[in-house]
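One structure is given below, represented as structure tokens, and several questions about it will come after.
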Amino acid sequence: MLPTKEKLYEIIFEADTKSGKIFDITLLVIILLSILLVMLESVPSIENQYHQLLRISEWAITIIFSIEYILRIWIVRHSKTYIFSFYGIIDFLSVLPTYVALFFAGTQGLMVIRALRLLRVFRILKLNRYLKESAIIIRALKQSRIKISVFLFAVITLVIIIGTIMYLIEGAENGFTSIPRGIYWAIVTLTTVGYGDISPATPLGQLLASMVMIMGYAIIAVPTGIVTAELSKHNHPNISTQVCPNCLSEGHAHGAKYCSNCGSKLN
Amino acid sequence: MLPTKEKLYEIIFEADTKSGKIFDITLLVIILLSILLVMLESVPSIENQYHQLLRISEWAITIIFSIEYILRIWIVRHSKTYIFSFYGIIDFLSVLPTYVALFFAGTQGLMVIRALRLLRVFRILKLNRYLKESAIIIRALKQSRIKISVFLFAVITLVIIIGTIMYLIEGAENGFTSIPRGIYWAIVTLTTVGYGDISPATPLGQLLASMVMIMGYAIIAVPTGIVTAELSKHNHPNISTQVCPNCLSEGHAHGAKYCSNCGSKLN
Amino acid sequence: MLPTKEKLYEIIFEADTKSGKIFDITLLVIILLSILLVMLESVPSIENQYHQLLRISEWAITIIFSIEYILRIWIVRHSKTYIFSFYGIIDFLSVLPTYVALFFAGTQGLMVIRALRLLRVFRILKLNRYLKESAIIIRALKQSRIKISVFLFAVITLVIIIGTIMYLIEGAENGFTSIPRGIYWAIVTLTTVGYGDISPATPLGQLLASMVMIMGYAIIAVPTGIVTAELSKHNHPNISTQVCPNCLSEGHAHGAKYCSNCGSKLN
Amino acid sequence: MLPTKEKLYEIIFEADTKSGKIFDITLLVIILLSILLVMLESVPSIENQYHQLLRISEWAITIIFSIEYILRIWIVRHSKTYIFSFYGIIDFLSVLPTYVALFFAGTQGLMVIRALRLLRVFRILKLNRYLKESAIIIRALKQSRIKISVFLFAVITLVIIIGTIMYLIEGAENGFTSIPRGIYWAIVTLTTVGYGDISPATPLGQLLASMVMIMGYAIIAVPTGIVTAELSKHNHPNISTQVCPNCLSEGHAHGAKYCSNCGSKLN
């Protein structure tokens, strides 16, 4: 590997050095700009008024992204690994639409895939102090994975049953035109979103809906309780800051007199 | 009992053996398919287009369920216990509508009872690692049963009083046509669902509604607090059940090798 | 006091004896029936069809309540204390409307005051095991009283500022006809109720609304956190069940070797 | 500094003395009245009926505020520091509109800046017992600052991606006229506000919406968990700051009279 290539690798793929951080943040700003651009293009009134400016900006960003993409392929040791990785595919797809639009009309819609580049934002989490805090959240979510699966399982079963019953009670004349629509209503209600695009009209339906709402009120306590209990686990007041003078192990309880790892006396 | 019968019993009613697990999962998939089928049938456009296919699938599933039902009666030691059990009745009712529909029209609606078969899904919770995690949630909910009853009690009293007052303030011209409807509105508001099918129109009504909403915002903290406190009780993951063979002290951390009290080796 | 009077006092005002409990529960059932009656009367279609039956039931309940009210005055030691107490006034007002309606029309509306009698339901909380659990909730709410006041204070300041800004941004043409209406909208949004009777129509208004919603999402964590932390306080794992052999004091920490009250050695 | 000036400084800028507290509370009441006034003026029907009264009250409050503002400038040691401070600018802007309105029409709208004076309410938090409790909440929020940033970061990324996908699925004919509008919908849904001004109409859109709602149901657990875990950290109410004079052990319960480690008397 050439020294230049190695240095570029550090800048583009890593975030430990100062220039690496600058690159990451600059890229993030450009990604945010590119997303803002896609958003503005989707607003008809803005698109009509600033058509020329938006076209130029789009090409500018596409060219920057293309250079970045080519650099990444050139620099990385195993090009194929990058090209077929999750980020590699997104990087490719986010430059494609502008070029394809030269030949075919109507492919601008694909530009929205650029929003997925926003996921790179999470690389910034690797920077300094965000790392530890986000790790705590992610670990808590991972550890409550099974509990949350069981919970979602129960909720899905519940909304299918409730949605089916409501379809029978209310029927098509009150907007519950099919069972899937009844289930959609049950989810809207149980999660306390409550659009109001479908709402029960019969007294019996309203009684059942009231019960579902109060249930939803109590059910929301479950995921909250799961995540909170998990996050609170790291709240241990009983772990002292003592370090064993013999084996250097940590995490001893307050009041511990002997190291729980090697058995030598603690201070 | 014949050896075949005994083996079938193991497969159908238990979930410990490998073939028992395969049976349970297969059955679950068929139940999910049957529910999907009932859903699709309830959508008018799909029903019209794929009428023939849906009819055939329905008969296929009904026959499978019938065979399963007959097998269960034949295999189980006390047929009556099964037939009149909760699952036995659901199993029977979920095959009935298709047969009855041969002679009478309009009984297809009963097919929705099939959704209740989905409850069998919870048998899968008996499998391996889901067991422990769901047991924690269920225990926490059971232990907070009385607290949640008291809470629901208070909420129901509150919505009756609020609903009655709003009926007096707003009256029939603003959609509060009766006290039950006022109570329905109070539940919709307090649980933060907020359909918007009924909403206060007078300034006094909107003032009261604002107070109810802020109250609801604070009230939701109560069930969450109850369940979280209960789930957090089991939050001492690092305390093993080990007892020191020398000084009999307890409360050692998982992975501790030496007693933190006397320094002797733990098992 | 006559022995009969004394016994009646025990039955009507206390809940410790068996007959006292029976009286309380019977009264509660009649209160529930009377509320159900008021509800049904408020539904026009039911009122028209069962007018006669509802009238008779109403008189029956009014007479029962009147007898109960007179008994209470006769039995209680200090009649005035009861008559002018909270429950005394409610008891009086809940029988008044039926009598007044004989002479004046349109006073039926006052009947809804009967809903307040439902508060007697909370006497039942004095019974057995509900007592302890509801005491925990009430204590937790009392102890977090100041924290919740500070929180509500902050929320009210916030909704006034947000409501005023939205009134300026959106204006009367989008439904924000006055500042109080803007504040009403802010409360509806921040508490995630979201009726949709007023919703922002300008891009700037929708941007602000988005920020308010995300804020509301984070803000709801505060009261929940307060109540949960308070309820979890009683979760102490470190309190052992040891009793001091000398002074019989309890509540010693796990690992305590000497009584923290009298200084004698613990077992 | 003159003795009068010094005393006035104590009254106006501090809240420790009795007269300082009285000043603070009086000012708060006037601020509340001034905000109420601005609110009432914004209601067309009230403005028309009580025009004269509202005008007089406005001038009365403006003069009081003007005197207060001049006093503050005169009293404070470094006038410039106050004038260009946050509160100084708000104090100035809250009296300006009434004077300007003498010469120019249409500046009444600026009066709403007065709502910001309400922030002075938080000075009252400096008083007695509110201080400690609000400090706990603020500290908990500060300590969970980074965790909440990471959470908001993830939520914003999520709503951009969801909003973009929904714009593609539903399109302008169902109200999703642009990507920003799709994002607005995603926020309304994920936060469970659910106005219903835009709601999905296609089956695919409703399926995605259902998934977003259930996600939002689980996501709300995260900020709640973060704040609760933080608030629970301070949940060791029984641990006093006493140190044993004999063995220097800490962590004794409030009210402990003897050291639980060596049995000697505590102070």
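For clarity, chains are labelled A, B, C and D in written order, and residue numbers in each chain start from 1.
One rule holds in what follows: a contact is a pair of C-beta atoms (placed from the backbone, for glycine too) under 8 Å apart; a residue touches a chain by one contact, two chains touch by 3 or more.
As the structure is a prediction and not an experimental result, all values here were calculated from the model.
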Once you count every C-beta pair in contact for both, which comes out on top, B-C or C-D? C-D
Taking CA centroids for every chain, report which one is farthest away from chain A. C
Chain centres from averaged Cα atoms put chain C and chain D apart, in whole Å, by 28
Interchain centroid distance [CA atoms averaged], chain B/chain D, Å: 39
Can you pull out the residues of chain C that are in contact with at least two other chains? 151, 180, 183, 192-196, 220, 224, 226, 228, 232, 255
Show which residues of chain C lie in contact with chain B when the two form their complex. 35, 38-39, 42-44, 109, 112, 115-116, 118-119, 121-122, 125, 129-130, 133-134, 136-137, 140-141, 148, 151-152, 155-156, 180-181, 183-184, 187-188, 190-197, 220, 223-224, 226-228, 230-232, 234-235, 237, 254-255
Which of the residues in chain C come into contact with chain A in the complex? 192-196, 224, 228, 232, 238, 255
Residues of chain A touching chain B in the complex: 146-147, 149-151, 153, 157, 160-161, 164-165, 167-168, 177-180, 183, 189, 192-196, 199, 203, 206, 209-210, 213-214, 216-218, 220-222, 224-226, 228-229, 232-233, 236, 251-253, 256-265
